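Here subunit A shows up in two complexes: once beside subunit B, once beside subunit C.
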Partner chain A sequence: MSNDVATRKEVKIAKAGRKARRRNHNFSGGDRATIATFVGVPTLIHIFMVWIPAICTVLLSFTFWDGIGGLKNIKWVGFTNYRQIIQLDADFGPAIRNNLYWLAVFALIATPLGILLAYYIDKNLKGTKFYQTSFYMPLVISLAVTGIIWDYIFNSDGLINSLLGNNTNDSAIDFWGDPNKNIWVVLFIASWRHIGYIMLLYLAGMKSVDPSLREAAAIDGATEWSTFRKVVVPSLRPVNVIIIVVTIIESLRAFDLVYIINRGTNGLQLLGVLVYDNILGSSMRIGWGAAYATLLFILCIGPIIVYLYQNFSRED
Partner chain B sequence: MSDMINEEGVSRRSVLKGAAAGAAVVAAGGLLGATAGSTAANAANVTASFGSNNSNPPGPKEDAAWVAAAAAAGIDVKLNVVDHNTFQNQINTYLQGTPDDVFDWFAGYRMQFFAKKGLLTPATAVWAKINADFAPGFKAASTGLDGKQYLVPTDWYPWALHYRKSVWKAAGVNPQSIKTFADLVAACKVFKSKGYIPMAMADKGGWEAMGTFDIINMRTNGYQFHVDLMAGRAKWTDPRVQKTFANWKTLIPFQNKSPLNETDQTAGTMVLQKKAAMIMMGSFTSGLYTNKADYNDLALIPFPSINPAYGTDSIDAPIDGVLMSNAAAKNLPAAEALMEFIASTKFSDTITAIAPGLFANKHAKVSSDPFIQSQVKLVNATKHVAQFLDRDTRPDFAYPIVSAAIQKFLTGGDSVAIAKNLQAQWDALPPA
Partner chain C sequence: MVTGKTSKVGLRVTIGLLIVFSIVWVFPIIFTILESFRPYGDVLKYGAASWPQHLTFSNYINALVQSHMWSFFLNSVEVAVPAVFLTLFLASMIAFVLSRYESRWNVALLMVFTAGNLLPPQLLFIPLFRLYLKIPVPHFLNENGVLYDTQLGLVLVHVAVQLGFATFVLTNFLRTIPKEISESALVDGANVWQHYWKIIFPLLRPALASLGVLMTTWIYNDFFWSVVLLKSGAKRPITAALSNLQGLYNTDYNLLAAGAVLAFLPTLFVFFSMRKHFVAGLTLGSTKG
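Now for the complex of A and B:
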């Protein structure tokens, strides 16, 4: 084992040496110009389109500004926006709670279900193509149509209430308007879309796993569960990273679904909606919107950095 | 749920007047093109641009008609129609970018706000010419905090209890007998016993129920308190606010169970379909009554008196109109000519021919339609006219703060805690 590690290190050093030599000798002026262009232009675009706006957003979160007039109308107020949001904004608590629900449901239910489906579909059961298409379908349908479909199902005179025999307005279950219920309905719909997405990503990854690995495990007498856990999952590490990042990002940046339902009010508040409404809505509290955006950024980037760091340091 | 909510009543009346938007807009687009083509030849005309938020039917038809009338009167109008929700959301950027000379907007705080920020051109010169055509109330509503007029008011509509005559007749309730709040509650009980939803309520968009808050507050505490509350001179923690909420609470058992899942359209449809007995809504709800027989069955009564000291002396009757942006300063004679045209009866009569309504110009033709006449009567009998909650207070307070608070109240939130939070949020607003 230690021998093995030593060999790998030598190989690495040798590779590094080759790279260094190549850098010194083989690049002509034209090559350098090409590389400078191909690296420089995207870097500049990245800085201008991503980092400068991001830094400005963080700066604006410490100010009062109604978006009208030039820089002279921006008033520096320190942490006031953050304090007000946390202490006063009636939407802050529900928004954080809903984003965390979203994350929990995606991480604990939707993503594992997607992986499970991918695992079974990969076994080429009868009708695989049909299942594959069915599970992926929700992602193909536009959100507006998704909204209509589920409205027919959950509305007060929709499918579920009809099946339950609740056909008067008073006895019907209010799935959309009741702030204690609507978030779960929305999470159900969001999961319905997310499962297909994860399934497809994982399926693509699993196609690249050498089937002989599984066969060998089966011959060695491994159970299905331990084959999955000890053979399939570890050999899909790059895909796993993508899936975890996708799950976190999708649940924290959630916006569109609740926005078409009720513009993210009444039980469906989300951080993404609050960013949008404060910056672009008629209220124009740019400082609040920027503070929400900063909070969202911290929430998003925190777990991802931790995860990626752990993952890559393990690989080294 | 899939339809985007018409946010804060940008021309709510026209929003509701049609359902199948697509085809009509395309058709009107063709009309507009033809108009522009036919008038471009007239070299003597002045040219001004106009930003319209009147994107929903019959808006495009109305726009096409008055643009043609303006061309005949010597003003070529470059019409720029923006989807009304987008127009609303982007108004700040629009006014700071390259706005049209003249554009659709509202009276009240939402006009004063832009005037104060220096984004508008005063219309005092226009008002010097049109003064005699408007009642003093309209002039006051068109005036900014600096005492200058900015708005040319076009049309308006009252908020009242709308109902179908046939439903009340079938239930044996006489609309004229509803004089006090107790009468209203008694009528609601009758409707409930007959299987109707006594009062349709919507608040999915966050604005629909504001009309009910306004009217109960004005009936309970008077117009002055309402105005003071909106302007921040009175406090939300004032016990009078609790009286308003308490009165509203009396009506909640008579509302449909899920107001937060209903829009002005779906709740209005409950009345149209005779499932609900009445709705507290702007008269634009008539837009749902596309069938003539249904429309003739529609009527309104004022919200009854709660506190005898105030009777029924106030209503919400928002005024829509047009403003001149900063860009108009570079094209002032043409922009002012356009403002003057829009103030004239040539404008209002053109619109009336398409969709009758209440116009601000006192010489405007008033339709003899009984429903329009009942609106006129209601307005004439009223001493104080408020604009509507989202036009009487700071825009950053109305949304999302008050809208969320009312939604919370309608889902059983504690009104004392809600009022306390409202005051705390008002106090935390950046200086205007």
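Now for the complex of A and C:
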């Protein structure tokens, strides 16, 4: 592939450059200080405010701490928090279930639909600019505002109930209050946003496909659809990996949408919300919150490793 | 153009599908804009599905003046602008070193940033929240004297988290630029700072622009961190402040609609005027072949 040729060239240039530099360049004290600052400041900020808190959260999940006394009051309790959230927390089951629903809807419906729309947009039909713009718009609107926007459609005085003539009586469909309905409505809204994101990523990937591959398939008499399935999709391995990673991580991180609707209660529990609830909610259980956060972390490790492998496996 | 076989029926179905989908995508946004121009009383009387009887700007005037949406918007700007500039500046420095000076630590370091970008924010916030309650700041920043409930704290978190993505993207971007470009500068005896500032930084501009547009929308749209790290309603950025308009029992939905429109108008404007940058920013990190 053309990319590989480019990379090889780069490697050659890089190697030549490295030799030249090694010969010509001895770092002065000032240069050393500059490099140390350039690397050190961002690295320290990132490690101190991202990685160390992440590790601390994992450690906190094995402790009991009321948060009132200083750090001295932290007691090591092993897996007690995990046992307690599984056995005692009524929200644990619904949260796991909802996160799984979220993942399933994204992976089985939203992501494939995004890829399908990318395929149609790529055909450059009449009006394609308009369609594309429509699908991208939700991406620039915050999830909190997205929740408010859809509220006008779904709430009990909203458009759907109004169209059904349910405004004045008690027969209004309770989209938010019914725990058997609300998660699906939320997933519909979340998909509204996710589909455009996947489409954008896929379209960008499809631009990098060598046109001669498609032409060859067309000459062989393949239909556009089968060319897409058998030639385009398999050649987009990096994009496919990214889309899988994005799909999983986005469904685990979910927070904003359910928080703005009903603070993630009554059928809308999510792991990401329970972390928040146990720290800033009505009752503070730091160990439980940390255990929920650690569960999220464990679920994210797989996709993170896949993503790293995808991006760094070709380097020495 | 690629020529494949598509039947006429297939084409019609395709276009029909795209039109239906586009309508579902645009409709709620248009509907919210329409609602924002209707008086609440009208909707109460005739229902949400009714044809608008009166149109009014009063929801916007109320949202801007009585509900202080204008100052919440300024709060967002005060957080997003410094955070984006600081992130881009720091990320460009480390990306420059990682892509121009070989070291066996480079790949490991870049992996730390890349993985850090993918961690869920919920994993970071408990210790940061506790820490922010302990870190003292001067009283002009916060009358309680701690970092918690300050916009500075919010800026710092955004910088730390966004550094992961920005470093990853900028390093990959610089790696596609041949190192020969640097050689002449090095032969001339430029020091590391001059190499960065005179040679590399100008080359980075297009990537910085795209990344800047993208990160501004991300930080502007952030909800989680402002809910978690700010307590005072008055300090909230606009996305988080909208919930101030949500009453517990009776919400003036049309006022809320005006607030929502005010909150998404700037990002939609940025999107329409800088769409190329926005799309480029989102794909910079993902299409490295």
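Side notes on the structure shown:
Heads up, the rule we're going with is that the second predicted complex is superposed on the first by the 244 of 316 C-alpha atoms of A that agree within 3 Å, B and C clash if a C-alpha of one lies under 4 Å from a C-alpha of the other, contacts with A are read in each partner's own complex, and residues count from 1 in each chain.
FYI, a contact is a pair of C-beta atoms (placed from the backbone, for glycine too) under 8 Å apart; a residue touches a chain by one contact, two chains touch by 3 or more.
These numbers were taken from a predicted model, which means no experiment stands behind them.
Shared-chain residue A:Phe130: touches subunit C; no touch with subunit B.
Shared-chain residue A:Ile148: touches subunit B and subunit C both.
Shared-chain residue A:Leu308: touches subunit C; no touch with subunit B.
Of the two partner chains placed around the shared chain by superposition, neither subunit B nor subunit C is touched by A:Asp210.
In the superposition on chain A, contact of A:Ile260 is made with both subunit B and subunit C. Once chain A of one complex is fitted onto chain A of the other, the partner contacts of A:Asp220 are absent, as it touches neither subunit B nor subunit C.
In the superposed model, C is the one of subunit B and subunit C that contacts more residues of subunit A. Using the contact criterion defined above for the overlaid structures, shared-chain residue A:Leu280 touches subunit B and also reaches subunit C.
Contacts of A:Phe297 after superposition: subunit C is touched, whereas subunit B is not reached. Judged by the touch definition given at the top, the superposed model places A:Gly67 against both subunit B and subunit C. Overlap of the subunit B and subunit C interfaces on subunit A: residues 67, 144-145, 148, 150-151, 155, 260, 280. Across the interface of their complex, subunit B is touched by residues 64, 66-69, 75, 84, 87-91, 144-145, 147-148, 150-151, 155-156, 169-170, 172, 174, 176-179, 260-263, 265-267, 277, 280-285, 287 of subunit A. Those residues of subunit A that touch subunit C in the shared complex are 1, 3, 6, 10, 13-14, 17-18, 20-21, 24-25, 27-28, 30-31, 34-35, 37-39, 41-43, 45-54, 56-57, 60, 67, 117, 120-121, 123-127, 130-131, 133-145, 148-153, 155, 157-159, 161-163, 167, 192, 196-197, 200-201, 204-205, 208, 211, 214-215, 217-218, 221-224, 227, 238-239, 242, 245, 249, 252-253, 255-256, 259-260, 271-272, 275-276, 279-280, 286, 289-290, 292-294, 296-297, 300, 303-304, 307-308, 311-312, 315.
Touching subunit A in their complex are the following residues of subunit B: 1-2, 4-5, 7-8, 88-93, 96, 117-119, 197, 204-206, 256-262, 275, 395-401, 403-405, 407-408, 411, 421, 424-425, 428, 430-431.
Across the complex, subunit C meets subunit A through its residues 1-6, 11, 14-15, 17-19, 21-22, 24-26, 28-29, 31-32, 35, 43, 47-50, 90-91, 93-94, 96-98, 101-102, 107, 109-116, 118-131, 156-157, 159-161, 163-164, 167-168, 175-176, 178-180, 182-183, 186-187, 191-193, 196, 217, 220-224, 227-228, 239-240, 242-243, 246, 253, 256-257, 259-260, 263-264, 267-268, 270-271, 275, 278-279, 282-283, 286-289.
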